[in-house]
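Right after this note come the structures.
Note that subunit A is present in both complexes that follow, paired respectively with subunit B and with subunit C.
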Partner chain A sequence: MAAWLGWVIESNWTDPFLFAVYSIVKPVSGAAILVIMYGIISQGNFDSAMFPYIYLGNAFYIYVGAVMTGVSWAVVDDREHYKTLKYMYIAPIHIPLYLLGRGVARFITGSIAVFITLAAGILFLNVNINFAEVNWLLFFATLVIGVVMLAMLGLLLAGLTLMTVRHEGFIGEATAGALYIFSGAIFPLNVLPEWLRPIGYFMPTTYWLELLRRSLVGNVAAAFPTLANFSDLQILGVLTGLSLLFGTVSVYVFRWCDSIAREKGLIDRTTNY
Partner chain B sequence: MNQRNAKFILREGKINLAVQGKYSRKDTGWRLFLKTIIARAYPRIIGQQREISWVVFEVVMPMLAVIAYVFVYRALNAPEEYIGFVVMGGAMTAFWMNILWSMSSQLYWEKEQGNLALYIMAPNSMMAILLGMALGGMLATAMRAVAVTLLGMWMFDVTFTVSSYAQLFLVFMLAMVALYGMGMMMASAFLMFGREAWHMANLAQEPIFLASGFYFPIKSLPFWVAAGASVIPLTLGMDAMRQLIFPTGFQFGFMTVQTEIYILAMLSVVFLATAKFLLARVEKLAVREGRITESRK
Partner chain C sequence: MSSPLAIETKDLGRIYKLRGSKKETRKELVALEGVNLTVERGELFGLLGPNGAGKTTLIKILTTLLSPTSGWARVAGADVNAEPESVRPRINMVSGGESSGYGLLTVRENLWMFSQFYGVPSKEANERIEALLEMVGMKDRIHTKSSDLSTGLRQKMNIVRGFLTEPEVLFLDEPTLGLDVGAMRDVRRFILEWLKADRERTLLLTTHYMMEADELCDRVAIINKGKVLACDKPSVLKQRLQKDALFEIEVSPLNGLTQQMMLDQPEVTKAAISETETGAKLSIGLVEESALARVINLFTQKDVKVMNLSKREPTLEDVFVDLVGRSMAEEESNESA
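Presenting the complex of A and B:
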């Protein structure tokens, strides 16, 4: 039900065609900025391993903005905009599940955007994915683990959002923006200053994006030294471990924030910001 | 006791007279127009600075994009000018975001919060309100843009070499006038939107960053795409500024600085005139259709 509600909220402001355009134009434009930047500097050499690295990383990163921010944004939307969060709290539902459900709508629109971005890359931009050589099992296993991990990170941010006054809208965006830099989404981690790299190594999104790239375009891994010494299975293990760790932390942080928010009467607080 | 009461009444009476004197003068014409501009600009220039965390977020968010794109160029071993292009583009995003969220959508927010009806009821010009919003937004955003530029210069060792301060000032001012004129025009159009206003503003981010060449020279785009994107004043404004502040910038120029100045001047006039025309029309339409006080969540 929460997923359906989320979908309706996301899409019913306009007709389906405009909604489809809206869902596609933003991510494709974001990808196109990188493609042009790459094209200018490489003088149109799209055969280098760097190009699929950037393109695929950016395409799958759409899920981070969609799922993680989608879950936490539900708090802002319900509390500030529709002023319905308090009604959700008094309804016989489990709030974390409700918030995760609200993220499902964003997952669907995000999936469409990822698909379109990948299709545009394959069809028009020489992103070389040989479907016969794709490791589908690894791809889908990674995708599922990653999306669940992002939803749990979204729950963590939702907890923080519950406790935050006025700037709650920025929390998801700022986190997604920071992860974009530290996850090696569009450049290898070894480009970062050495003292910043450990942050990237601690982020599950780093391993998630690496595995997605490896499953689709195997040769990308060898071209960059960051995680080249790790096998797929090792990275999958690290991703699963970090996802479990962040998932557990998220559950506890949300519970803690939720109890504080109830105690302080923050559930129905509106600031008009 | 009675003496104290009498003193108090006398003092209160004096204050009331002073207040009455101050506010009983009826400003009309250009004086009212100017006062309205200042009154609407005030919360933007002063009020926004009071919320320090907003300032931090509004500097940090563009910086995140700047950092990401700078590292992409570094990963590609791009010439150093491109790092400067990204820093400058990142600073200019503050203006575009201000146009989208604090100009175009502003009348829509005001409608949602019930202020729009008060604006229309008050004996002032709506054009003055929009000009006040523009002026305040421009000055407040300029501070954010400067902060992003300074941070970018410090973090990535970017240096600017200005070839003509006069031209740079002229280009920047013309780009701002045209851009905020465009914002005023869009504010009128957004007045007719309901919930879709938020989505429209959201939609006009990445595509504009792409088309206007915020992070790369606009010359890299096909000619007609770049020409079409030149309708957005920041496109030519940034192109001209890049030519003026980087020693090799002229190599990346879409048109000559002179031509871009003429076009920006033309855009300024067109956008401001259209904003005035549209505002009058849309205001009438919104009043007739009862959209001034509606709130469509």
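Presenting the complex of A and C:
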């Protein structure tokens, strides 16, 4: 039910033609900006392993913004825009499940954006993915674990959003922005100063993006030293472990935030921002 | 269904901590203090009080949206703070004066979605939706997107949402706020019909419309500044004033005549003043009718002309004035000042 509601909201805000145009133009524009920047900095060296590294990292990073903020944004949407959060709260439903359901729609629209970005890269930008050599099992296993992990991180952010009446809309964006830097999305972690790298090593998104790249274009990932000493299985283990850790923490943080929000009377507090 | 009481509160209190610009300016606002109420199953219970009296805070606690800071409350036999999961399937709530709902969904979709959260079978939900929309006179808008509805119709849709799940206890927070006179009448009629259909249904209604409380409620609690001042049947509350003779007097500008000056007269038991375009309107209570001559004399001394004078039966507004010392409008303007 929540997923259906999310989909109606995500897909019906404009007419179908504009929605289709928006769905294509937005991810392609985002990728184009990155490609142009890369082209200028590398002086047009698109054969370097760095290019698919950046391109794939950027393409899959769309899921981080979509799924994670999709879950937490449902709190802002229902509380501020539709003024229905209090009615959801007094209904006999499991609120975390409802919020996760609302994130499903963003996962679907995010998947469309990822697919379009990848297709544009393969068709027009010489991003070489040899489909015969793709490790599909690893790819789909990683994708599923990652999406679940991002949804649980979204639940954590939803809890914080619940407690934050002002500036709540920026929590998701700020977190997604921070993860963009520390997850090796567009540059390997070893580019960062040594004292900042542990942040990246603690982020499940780092291992998730690495595994996605390895499953699609193994040689590209091998060209960078950050996680080169780890096997696919080891990284999958780390990703699963960190996902379980973050997922458990998210559930407890959400419960705590929920109880604080009830204590402070924040569940139906609106700011008209 | 074991408890005969639909709602029960004991020493219920709520204090809000207000955050100022600096830590040292942090204040506390007592929204509810020592509220003891019992509402029996099948009752239409009214909470009557001015804006800011604590009515909405009480509803929020009873609907599990807000934790109390002291005391306890039970709804349908379950503690709202300790067992919110037991309370929620048995209640619903509608807040008036707001246009909540998903604008992209049609009226039917909005209502159907909420019915599904309560586990109402889809076919039954659709039948109920049609019947309820018929009752509130908006069946022809069933396929209209809720963003295309007027504020009044959107509020009616929300009222239907509250009734749709057939709750044991329904909370209506100012349900007619902002509605035009015709829509208000429709909603009041609808509330009474809904209650009549099942004697086990309980409804708690907050309002600051005296007439509404008087017309609808079996019992009324008058609440002001977080405290329940009186709680009884409207007729019993009004009876306490029957010993007074009540007059409504329209006069020219008051020329310095104050409420206190009138209350200083030994025969005047209560006095409330509201300004009008041409002067003022006074509601006064006298120990006996014959004392009216001395009040008129006071007007003459202040060169205040009487333009209209009528004797009337006591209302809940008079009860409020009797309990608080001011009219509800005065109380609200005093709070907002």
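In this text, the second predicted complex is superposed on the first by the 273 of 273 C-alpha atoms of A that agree within 3 Å, B and C clash if a C-alpha of one lies under 4 Å from a C-alpha of the other, contacts with A are read in each partner's own complex, and residues count from 1 in each chain.
Going forward, a contact is a pair of C-beta atoms (placed from the backbone, for glycine too) under 8 Å apart; a residue touches a chain by one contact, two chains touch by 3 or more.
It should be emphasised that the depicted structure is a prediction, and the values quoted were computed from it without experimental measurement.
Visitor: In the superposition on subunit A, see if there is space for subunit B and subunit C together, and answer fit or clash.
Guide: In the arrangement built by aligning on subunit A, the partners subunit C and subunit B fit side by side.
Visitor: Is A:Phe170 touching anything from subunit B or subunit C once the two structures are fitted on A? First, second, both or neither.
Guide: A:Phe170: touches subunit B, not subunit C.
Visitor: Return first, second, both or neither, reflecting whether A:Leu192 touches subunit B, subunit C, both chains, or no partner chain.
Guide: It touches subunit B, and subunit C stays clear.
Visitor: Once the two complexes are aligned on chain A, which partner has more residues of subunit A within touching range, subunit B or subunit C?
Guide: It is B that touches the greater number of subunit A residues.
Visitor: Taking the superposition as given, does A:Lys26 touch the first partner, subunit B, the second, subunit C, both, or neither?
Guide: A:Lys26: touches subunit B, not subunit C.
Visitor: What is the value, to the nearest 10 degrees, of the angle subtended at the Cα centroid of subunit A by the Cα centroids of subunit B and subunit C?
Guide: Superposed on A, the angle at subunit A reads 70 degrees.
Visitor: When the two structures are overlaid on chain A, which partner does A:Ile181 contact: first (subunit B), second (subunit C), both, or neither?
Guide: A:Ile181 contacts subunit B only, not subunit C.
Visitor: Which partner chains sit in contact with A:Met88 here, subunit B, subunit C, both or neither? Use first/second/both/neither.
Guide: Once the two structures are laid over each other on A, A:Met88 reaches subunit C alone.
Visitor: So in the superposed three-chain picture, is A:Phe202 touching just subunit B, just subunit C, both, or none of them (first/second/both/neither)?
Guide: neither
Visitor: With the two complexes superposed on chain A, say which partner A:Ile41 touches: subunit B (first), subunit C (second), both, or neither.
Guide: In the superposition, A:Ile41 contacts subunit B only.
Visitor: Aligned on chain A, what is the least Cα gap between subunit B and subunit C? Give it in whole Å.
Guide: 5 Å.
Visitor: Counting contacts the way the document defines them, which residues of subunit A are shared by the two interfaces, the one with subunit B and the one with subunit C?
Guide: Overlap of subunit B and subunit C footprints on subunit A: residues 13, 82.
Visitor: Given the complex with subunit A, which residues does subunit B contribute to the contact?
Guide: 51, 53-54, 57, 60-61, 64-65, 67-69, 71-78, 82, 113, 194-196, 199, 202-203, 205-207, 209-210, 214-217, 220-221, 297
Visitor: Under the touch definition given earlier, write down the residues of subunit A that touch subunit C in their complex.
Guide: Interface residues on the subunit A side: 1, 4-5, 8-9, 12-13, 82-84, 86-93, 259, 262-265, 267-268.
Visitor: Touching residues of subunit A toward subunit B in the complex: what are they?
Guide: 13-14, 22, 25-27, 29-30, 32-34, 36-42, 50, 54, 81-82, 166-167, 170, 173-174, 177-178, 180-181, 185-188, 191-192, 272
Visitor: Considering only the defined contacts, which subunit C positions touch subunit A in the complex?
Guide: Touching subunit A: residues 16-17, 57, 60, 63-67, 85, 88-89, 91-93, 95, 98-105, 109, 113-114, 116-119, 161 of subunit C.
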